[in-house]
Amino acid sequence: MNEPGDLSFSVRTPLGTLALDVSLQVAAEAPLVVVGPNGAGKSSLLLTLLGALPVREGWIQIGADELLNTQSGVDCPIELRRIGYVPQDYALFPHLTVRQNLEFAVRGSAVPATRFERREQVEAILHDLQLSSLAERRATALSGGEKQRVALGRALASRPRVLLLDEPLAALDAQARYEVRLFLAEYLETLRLPTLIVTHDPNDAQVLGKRVAVIEAGSCSRTLTWAELCQAPTSRFVSEFVGRER
Amino acid sequence: MTRIGLAHRVQTLALGTLAALLLAFLVIPMGCLMLGTSWGEFSAGLRHPLASPALKLSLWTSALALVIVVTLGTPLAWLLALRRGRVSQLVETLVVLPVAIPPAVAGLALLLAFGKKGPFSNWFSPEGGSLALTTSAVVLAEVFVSSAFFLQAALAAFRRIDARLLIVARSLGASPFQLFFRIALPLAGPGLVGGAILCFARALGEFGATLMFAGNLQGKTQTLPLAIYTAMESDLRAAQALSILLLAVALALFFGVRFAERRSHASVEGRL
Amino acid sequence: MKTLDRRKFGALSLAPLLGGCVACDRGASNTQHLERELIVFAASSLREVFSELSHSFTAQHPEARVAFNFAGTGELKTQVEHSTNADVFAGADREHTEALVRAGACQGLVVFARNEPCIIVPLAPRSPVANFSELPNAARIVVGAPQVPIGRYTDQILERANKVLGHEFRSRVLAKVVSRELNVKQVLAKVSLGEADAGVVYRTDALLAQNRVRILNIPAEFKVLAEYTLATLTKAKNPTLAREWVALIRSRAGQSLFARFGFLPPSETNP
């Protein structure tokens, strides 16, 4: 259960008028950026991996560990999948402080720890993400960039095996976006976790991810590098997407 | 003034008139109740032998009813809010139904369920027992009629919680208890408090079901509303004084808990 | 422009429409009242006999309708004091009617029947009470509240019994009382449902529920008879009809109807 491993999945499920059909593999050293037009199913894909949306047909695996297999009836509940999730707008618990948000995650992580050890873990994360001065602030009293770091720290505090980020920079202003993007890229490098990042920003695609997956009308079956995408745009959306490169 | 300005004035006036009509209709009878008694009559009415035992009984039975409704109703509302299937919709309709049932009907239903001729009669006592005409019956009747008010408010409060917060909490490995006690309950707090006020007020004012199921005995089952009704048979002045008392108690509780609700709201929003 | 005018017109026309409705209603009910409807406020125990009587009344007066308001005598008195909607008031005692007469709301007090309180016990489950002196054996007793006539009569009966039977009879019985209802029909209901082992109601009520309760007589020495009185309202909208109603009650036909239901004649001397 604790081994690191690549994330691989193949899910097919109806989403309203759309039919989600995505089969991909995400390696630990290569964060995957997921792009696509609005309503194409990007955020929903994250939710299916998380276990928050039902999957009609398919399977999800982390390393050798099966999280979902509709054929054999395996369906691990959200609480046990150990997947870290940072939604758009971060979803920090508004009634708790930064420290309490992190503590909640540490409590929920499957690793048994004494109160002292838990405190140490929280301190470590606060330090790593430069949040120590904000520890006692209410989650609602933070700037966009600070919230993002707290949300990230919280997701990591539960010792996940996979990280899912939904539009991590969308709620930031242009200046913050630039700075946080660089920070995030570096940080993800040190983490070495299979990571999926949903974004609509071509800059994110270039900087944050090693590979790119394009979901259009719910389907996607391969990943490309940014360079490959630019060389041979596969659709109108893609050519516009890469054309906006600075 | 322009033509449009005038038209807007007329529309506001029309809305205001409709509003004022209902407001007046609600306030005037209460005004007549309060102003129709002199202070002397009021204090004499308070010293009426029916007053003190009825007030005490009403307060503690309603409080107990509230505790029962909140303790059992909060998990119920939470579980119903989590699931959206047809079964939970059916359950939701059933538990909110008592709002539409006339209190007398509720009283009769309780009598048939828990009375001498009910299905549980042999559980209460080998020769056939009954919960009717006891102080417990007062609490049960109050729970029955007031729970729907709390449940509706609690359901709405839980449903208002951003679903993503719950998803994130679960993805962090939260157990059902952690999810309920640390996330859902604090966030739904203000709504739950509001529902509790309504529940308590309804329990305090309950009359029809208690009269039928619990009876009317001073000190044991004669709640304040029943005392008022009984007093009316012989002494309208006393009934008036007791009514003002009940109104005052309800108002005091109402404002007191509204204050607490505002504080609870502020703390959730991080202003405290 | 067009929508503006229409809205104004709508708002303005609403007022006379509402006014018209109110006037209409009052007019209709006025005429209706004058021509046809006799409104009788009567004690609950008179429900069955008065309903039966109204059939004869409408047979004699085809243009008339009788509408009833049955409730506890005290409640009715309060309602009469605060409204002008009744023509006849009939209560289960003298007190309330006399109070109304003293206040000028009623006139022409007449005792028109008497009723005898009795003990009732449920047929099922079996009651531990087999006669009056065994009342303290009951586990639960339901009687009328002291504020209503049947409750007062019950208290008087217990007082008398206490003097004769001794042994703290009254307090032993009162110790078993679990509810003092505001309406004799409520007492009957609780005993019929088996929630009480014994109750005190009027004989006329008990006779109506013979398939559910058994009647036990109260010994003559303790007995108290309820006197039913009626009076017409001074502000009655149908004074003629009201007088006719009273006349019907006091007539031979009326009195024999009362006897059939179990009432006693208004005095010993009357047949």
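Before moving on, here are some points about what is shown:
Order as written gives the chain letters A, B and C; numbering starts at 1 within each chain.
Heads up, the rule we're going with is that contacts are C-beta pairs under 8 Å (C-beta built on N, C-alpha and C of every residue); 3 or more make two chains touch, one makes a residue touch a chain.
What you are looking at is a predicted structure, and each value in this text was computed from that prediction instead of being measured.
Counted as hops between touching chains, the shortest connection from chain A to chain B is 1. Chain-level centrality, scored on Cα centres against the all-protein Cα centre, points to B.
Farthest chain from chain C (centres taken as the mean of C-alpha atoms): A.
Chain A and chain B have Cα centroids lying 45 Å from one another.
The distance from the centre of chain A to the centre of chain C, each centre being the mean of the chain's C-alpha atoms, comes to 77 Å. With centres defined as mean CA coordinates, chain C is found 33 Å away from chain B. On the chain B side of its complex with chain C, the touching residues are 3-4, 7, 10-11, 14, 111, 115-117, 127-128, 130, 132-134, 211-212, 214-218, 220-221, 229-234, 236. Note for the complex: chain C touches chain B at residues 4, 7-8, 11, 72-75, 78, 81, 125, 140, 142, 145, 147-148, 177-182, 186, 190, 193-196. Here chain B touches chain A in the complex through residues 162, 164-165, 167-175, 178, 182-183, 186-187, 267-270, going by the rule given at the top.
Every residue of chain A that touches chain B in the complex is listed here, in rising order: 47, 50-52, 77-85, 87, 89, 91, 93-95, 104-105, 107-110, 138-141, 154-155, 157-158.
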